[in-house]
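Labels A, B, C and D are assigned to the chains in the order they are written; within every chain, residues are numbered from 1.
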Amino acid sequence: MTVRVQREDFDVGAEIAALTAGRNDVGGIATFLGLVRDTAGGERISAMTLEHYPGMTEKMLGQIEAEARQRWPLDATLIIHRYGRLQPGDRIVLVATASAHRKAALDSCAFLIDWLKTKAPFWKLEETDAGAQWVAARDSDDAAAARWQAGGGAKPKAAE
Amino acid sequence: MTVRVQREDFDVGAEIAALTAGRNDVGGIATFLGLVRDTAGGERISAMTLEHYPGMTEKMLGQIEAEARQRWPLDATLIIHRYGRLQPGDRIVLVATASAHRKAALDSCAFLIDWLKTKAPFWKLEETDAGAQWVAARDSDDAAAARWQAGGGAKPKAAE
Amino acid sequence: MKILYFAWLRQRVGAGEETVDPPADVRDVAGLIDWLRTRGPNYREALRDTSAIRVAVNQEFANLNAAVAAGDEIALFPPMTGG
Amino acid sequence: MKILYFAWLRQRVGAGEETVDPPADVRDVAGLIDWLRTRGPNYREALRDTSAIRVAVNQEFANLNAAVAAGDEIALFPPMTGG
């Protein structure tokens, strides 16, 4: 039920604990934490800048989260996505889902990160020894998002 | 590469951070945190005691972890499982997997918790208003573990 | 009509945001992109390959034949790479 | 031969661990369980339903026809419920 788009870092342990604070009916919490890697396609990455579309980002993340809550019996959900300039090893994104049922938590967590990749308006600029370059979208990300498609929901279309 | 079976609680944030300390090649960390629920099948649970088979527990968790590392390209793995008497809301188990690839992290995390349920020698005794009762194994847990079966590995057999 | 550009589209156009007043015969996204291309070499270069461009109209994903009108917020950007 | 009991098997037998010296004709897990049942009503009750029992021999899962010998560690327990 929480979506945050922020420049600041976040405290993973505190965020997970806050998700179930004051309640004892949650059986499990699945999380995915994305970090900045220091290489990509054999090239060294010295930094990465995340650009996003303020307003639409929050709206899309809220839609994705609502879709997850419709598909699975979730007690709590959290999406935090950072923007701005980050260093290798820095935290980028945290997705967490809490449910009485472990499979619901695990599946919805995978769904959220897969869909976020293709539906949330973020763009990555990597700084390499060869200069700065925009990261290209990957077909594998589209494929990962598509496997959730059967259950419904619209996917962003190519403008061709 | 780490398996811990312990009576003490653990710090989720610190454990996740330790998993990638000193390295910047990890793209994502998937985790599953299991908690004690205050109800089961409509009955109130006031406490739960986890019994285990010292020696074999560590051995089985090590085997499960080795199996995961063989199936997926993982940079780091962690399994912490508590035993002893726990209260509703208490942490029971933490599984974390780190990989350059998000799908490897997510799938191996689900694999570890599914297999742990059916292969690690733990037994739960729940304290309810009606007295203490041993938790019965669930067919759904066997089914969850079985979906990983195609890739090989032996499953504990019923003694019939 | 407000136009937003992100990532390399922003860099090539040379602006992240602008307010434009296209002629009345610009009624959909495709028409808008055609018209923007006439505004200078930076636009022609940025908008050359339509298949590389994703579109949002009023913060919802849209395709080339989506209607556009005065007061709309139109965003043009490459495929997204968040997460 | 060391026998370990866990969960309700431990409670019904009344012991978590014991060292036994079964006769020479006890050569597998099934034979061991049959022999244990002769040791008293608590064993008969605990070991009544073989299908509810899981077995480990020297800390590896085993089935009823697994061999057992002097010096082995045999564990009898219900289906596991960890995680």
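The definition used in the following text is that a contact is a pair of C-beta atoms (placed from the backbone, for glycine too) under 8 Å apart; a residue touches a chain by one contact, two chains touch by 3 or more.
What you are looking at is a predicted structure, and each value in this text was computed from that prediction instead of being measured.
Path length between subunit A and subunit D in the chain contact graph, taken as the least number of steps between touching chains: 2.
Setting subunit B aside while the other chains stay in place, the touching chains form these groups: A, C | D. In this assembly, C is the chain whose CA centroid lies farthest from the centroid of subunit B.
For this pair, subunit A with subunit C, the centres built from the Cα atoms lie 26 Å apart. Per-chain Cα centroids separate subunit C from subunit D by 73 Å. Annotation for subunit B: residues touching 2 or more other chains are 34, 102, 113. Shared interface positions of subunit C, i.e. residues touching 2 or more other chains, are given as 83.
Pairwise, the chains that make contact are A-B, A-C, B-D.
Per the touch definition, subunit A reaches subunit B in the complex via residues 11-14, 16-17, 20, 23-39, 88-89, 100, 102-103, 105-106, 109-110, 113, 144.
For subunit D in complex with subunit B, the residues that touch the partner chain are 4, 6-8, 10, 29, 50-51, 53-56, 59, 61-64, 75, 77-83.
Listing the residues of subunit A that touch subunit C in their complex gives 34, 50-53, 55-56, 59, 81, 92-93, 113, 116-125, 134-137, 141, 154, 156-160.
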